[in-house]
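Labels A, B, C and D are assigned to the chains in the order they are written; within every chain, residues are numbered from 1.
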Amino acid sequence: MSNLMNKNIKKIAVLTSGGDSPGMNAAIRSVVRTCAYHNINCVGIYRGYQGMIEGDFKEMDARSVKGIINKGGTILKSARSNEFRTVEGRKKAYEKLKEANVDALVAVGGDGTFTGAMIFSSEYDFPVMGIPGTIDNDIFGTSHTLGYDTALNTVVDVIDKIRDTASSHNRLFFIEVMGRDVGHIALNAGVGAGAEEILIPEEDLGLERLLESLRRSKRSGKSSSIVVVAEGDKIGKNVFELKDYVDENLAEYEVRVSVLGHMQRGGSPSCFDRVLASRMGVKAVESLLEGKSNYMVGLLNDKMALTPLDQAIKGQSKINLELLRVSDIMTT
Amino acid sequence: MSNLMNKNIKKIAVLTSGGDSPGMNAAIRSVVRTCAYHNINCVGIYRGYQGMIEGDFKEMDARSVKGIINKGGTILKSARSNEFRTVEGRKKAYEKLKEANVDALVAVGGDGTFTGAMIFSSEYDFPVMGIPGTIDNDIFGTSHTLGYDTALNTVVDVIDKIRDTASSHNRLFFIEVMGRDVGHIALNAGVGAGAEEILIPEEDLGLERLLESLRRSKRSGKSSSIVVVAEGDKIGKNVFELKDYVDENLAEYEVRVSVLGHMQRGGSPSCFDRVLASRMGVKAVESLLEGKSNYMVGLLNDKMALTPLDQAIKGQSKINLELLRVSDIMTT
Amino acid sequence: MSNLMNKNIKKIAVLTSGGDSPGMNAAIRSVVRTCAYHNINCVGIYRGYQGMIEGDFKEMDARSVKGIINKGGTILKSARSNEFRTVEGRKKAYEKLKEANVDALVAVGGDGTFTGAMIFSSEYDFPVMGIPGTIDNDIFGTSHTLGYDTALNTVVDVIDKIRDTASSHNRLFFIEVMGRDVGHIALNAGVGAGAEEILIPEEDLGLERLLESLRRSKRSGKSSSIVVVAEGDKIGKNVFELKDYVDENLAEYEVRVSVLGHMQRGGSPSCFDRVLASRMGVKAVESLLEGKSNYMVGLLNDKMALTPLDQAIKGQSKINLELLRVSDIMTT
Amino acid sequence: MSNLMNKNIKKIAVLTSGGDSPGMNAAIRSVVRTCAYHNINCVGIYRGYQGMIEGDFKEMDARSVKGIINKGGTILKSARSNEFRTVEGRKKAYEKLKEANVDALVAVGGDGTFTGAMIFSSEYDFPVMGIPGTIDNDIFGTSHTLGYDTALNTVVDVIDKIRDTASSHNRLFFIEVMGRDVGHIALNAGVGAGAEEILIPEEDLGLERLLESLRRSKRSGKSSSIVVVAEGDKIGKNVFELKDYVDENLAEYEVRVSVLGHMQRGGSPSCFDRVLASRMGVKAVESLLEGKSNYMVGLLNDKMALTPLDQAIKGQSKINLELLRVSDIMTT
């Protein structure tokens, strides 16, 4: 591929932005080492676009990213930047990049991150490449976002623990998991944890059907139940209201609630996420060196694939309908 | 010890009651196998005192408890029993025990469990022995209750995950942990997780000092902070009110809340809790066989020790003041 | 799909055979519950084909598989059966199945298991369906075998621990991982754990190049190194001989060896493996009900797919060449 | 305590030496922060006594030890130093300490580390304080060495995994664990993992009794067995020879071996070890400030206690005989 090499790119910057996710550090490591492999300079930008505006940069070589592949969070930190939403903010950012002789950018994050990158790229004809880093798996153009697999393992591990106490006391637990407007975490972790019901935004089960299902579950001899609820579930009630509703309508259950919260974003990444991050970092840097811009690196059919950033943002990551059916069958 | 053997005890029952905790299964296993070792029959009672009233018993031999030493929860289930608080309830329970030829009881649980055992024992002159099973470590007469060590590991593991995201975003987290009216979990897990502040019921820090400490922490260059709050903290505000208060008074922090909840009660027990449960089960059964009754088995100075049940209930498990000081020094 | 239903299948048997792998219990659960969902009877066969010969069967309903989705190993046990390799053995097995009115078989295991199923099916025109359960990922027709993802996480978790001590002492570790004749575990876990070198059967690096690489690694400032070796590596030396060779030729390193062994086969399955097992069980049972036979259920491009058993056995599961290159770049 | 303060100590050095253990980083953090709390300067010495000889020092303040409480290994690295065994080596080390204005030393390690500290202290009248950091728990004067609790959890976690596969295949596993000449890890992890037999240096079971026990175990209906073997076991055969011996004499078992090795030294420390390390660091620094020298900080009856270094080295850490008996009863 060296013959394809873009001679104009001599320094690449990398940043992480938006909610952090396990695997971001592995992606940074991969970007930095791929630059080193191709004798390209690399700088890390702290605190996402805000650090870009402030010129909060750090030169990075292969040794700078030693010992981080297995660490959660992001050594480059992440932040939201309202200033980058303004023309002036982006102008400052561009000037800082030019001062530092940066020729291209790899941005790790979700759709907000990609929107920023796309606008910036179009305004300044600046080469950008996106890596999808979010636990929610809500990005079009990749079967898996970075951190999603780790979050699923974190969630089933916690639900396994809660089931210990649920089944010891014959209780019903409503467990709220992350996922914003999509049910990927809830559906997969729900099936993985053997949940009796899974409430996701993509499917409005209805309160009546939930009660009926719980009653049937009780009759069939189940002494405890786990209901996994996506935070963006559209049933019209939050998880505490659900508890109250069931308390009133199903006297036979003692109901408890657990909101898993931010722990889902942390932790050492799974092997899958570490490998995915390593592959994505290579692909992102080499795509820039090949002269490509404005794409997101993704995993499609187990292979690295590029999707234009605008499609990645606009497209929808669909729930696996087969899995919905599997879930129904498993709760027979 | 065979010469001390109480010839009148030919069958021992074991139950778990109150909130479950990791290590209860290991304790059941130990009670059952110690009975087998001494050629004493053993029955498990399901659902605590309620199952005792209903005669929900199961004969258990050494093989009945195979493969449970590493499982959270309790295979005998746990439940609260209002009926056992009545004279009639306890009478029924006694009759069921007599029908089943049970001569003595080992009750695993917290102070509610021990109170029931003590009353029952005094009314019917029935030999009882208590094993402290609760994650709260709030029992007098033992340095460690069953499940406490495991819960501490669960809590620091989760806080480690939350710290990944806290430090990536320069955030302040209030994390509520269990412990009812005592701060053992909060203090130990707080020190173990490197928390910047620890709020426990035993010490009223005061809101002003909390703010001052957080401000100092910020000035000293810390970009993120973890505050661990015991559920029974006496500062006068719950964890969500604390968040609001800090939000209003410390604009420099972005504050988040996480309530760890029931996951703290589950999970595979630590090696410490498995060994402790094994030792306690042996001690409980052999103490009954030696003719003792109305004691709780505990760990004092790394040795098995007996404490009269009434003292175990009334006595107070004190916070380690040295550790409070260590906590202060660590947050320098 | 009910209209496609094969009316002749009223009872399905399930067995696990060969080396066990995490997710086998989740697959058993899924087969049993899918049968229940379709009102088909289900029997579990203990100890693989040997139990089939001996008629070691157990009727299973939806409740029989409660609480096993998160357990490693297999509740049906596994065993090798020389007797099943004989015509007489298979005849006995067939008779036992007929006695028990079993109409079809789901066999969970690796290529040995599938070979047995295929021969049995051809001899007795008996409907069979295979589910690939092995940590080695060495089966054609599926991107992931059951247990592979979990094993990868187990391996990187252990290597993370070993790296703690390796980097504290500036040591070189050779770590042998499972995988028989294929390097999937070594390559993926090696990349995931940030190994400096990965030795796999598919690529003969050569001893000289290994030494050169380790020397370069040392010069580049790395103070410790991890070399992951697949058990079937073709470099011509086992992991202890490798150690001796490097000890003699690279005085600057202190070398240690760790053979991970059977722990790689155990443990609670990852969310991925639990979900995969659930999907595969549904697909296997419903394929039988649709009249299909002699296929293996697999995951191809994130979808359930059927591959004829003979192809699954003969075909080769190829190493991901892109990942080999990623590995090289990461060790820059 | 400020009135007790030794005015002559203005700078304290800390080093880790010998085999690393989880909790060493937490101890370094505690020493550094306790110095900061008392306005004492602190330097870290890299690579133990060898780095002391070479003047490989680093000034450390409270922020230098951020984010390390939960990390395995030691950020100060560890190494053996033959040079420090010589008069000349120790002279160089003393000169380096004086050049750097170091007034006292905290040494974290095992008996070799303490021996070095004691000789150095006597030769140069230099204040030293020891912290016991080793997973083996073979130090007199403390009920727990740093890292021991974590290692126990690592071992039972691995044995849990191996048991999955052992019980799926009805196999017998010999599992070798660390512990040099003492059986603490083997005995505690063996009881915690529910091992059928535990072979430790302190008790020569004899091969005949082992066979008899395994035969009895088989007869009693156990289908799989775990035998935990301490590396220093005195039965006269290593773990592979044991396998061969049992293979020859107990045809009914299929035997496998697993040597756990160095993974036992790594991993994130348990809450217990983090808290213990924090307490020990405070005690070590404050004892030096109080004018004490030549002691080891330990945990006795749940309280911090000082033991003269020569006693810590010469004294013997005894196996808990009660636990041996518990182990026998549990394998009924």
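Criterion: a residue touches a chain if its C-beta (ideal position, glycine included) is under 8 Å from a C-beta of that chain, and two chains touch if they have at least 3 such contacts.
Treat the numbers as computed from the prediction; the structure is a model and nothing was measured.
K.L.:
Using mean Cα positions as chain centres, tell me which chain lies farthest from chain B.
P.N.:
C
K.L.:
What whole-Å value do you get for the distance between chain C and chain D if each is reduced to the mean of its CA atoms?
P.N.:
A distance of 36 Å separates the two centres.
K.L.:
List the centre-to-centre spacing of chain A and chain D in whole Å, with centres computed as mean CA coordinates.
P.N.:
39
K.L.:
In angstrom, rounded to a whole number, how far apart do the mean CA points of chain B and chain D lie?
P.N.:
From the centre of chain B to the centre of chain D is 28 Å.
K.L.:
Where in chain B do residues touch at least two different other chains?
P.N.:
160, 163, 167
K.L.:
Any two chains that touch count here, so list every such pair.
P.N.:
All touching pairs, sorted by chain label, are A-B, A-C, B-D, C-D.
K.L.:
Okay, in this complex, where on chain B does chain A touch?
P.N.:
16, 19-20, 22, 24, 71-74, 77-79, 154, 158, 160-170, 173, 223, 256-259, 261-263, 265-267
K.L.:
If we count contacts the way the header does, which residues on chain C are in touch with chain A in the complex?
P.N.:
Interface residues on the chain C side: 29-30, 33-34, 36-37, 62-63, 66-67, 69-70, 143, 149, 152-153, 155-157, 160, 163, 167, 188-189, 191-194, 220-222, 268, 270-272, 274-275, 278-279, 282, 301-304, 320, 322-323, 325-326, 329-330, 332.
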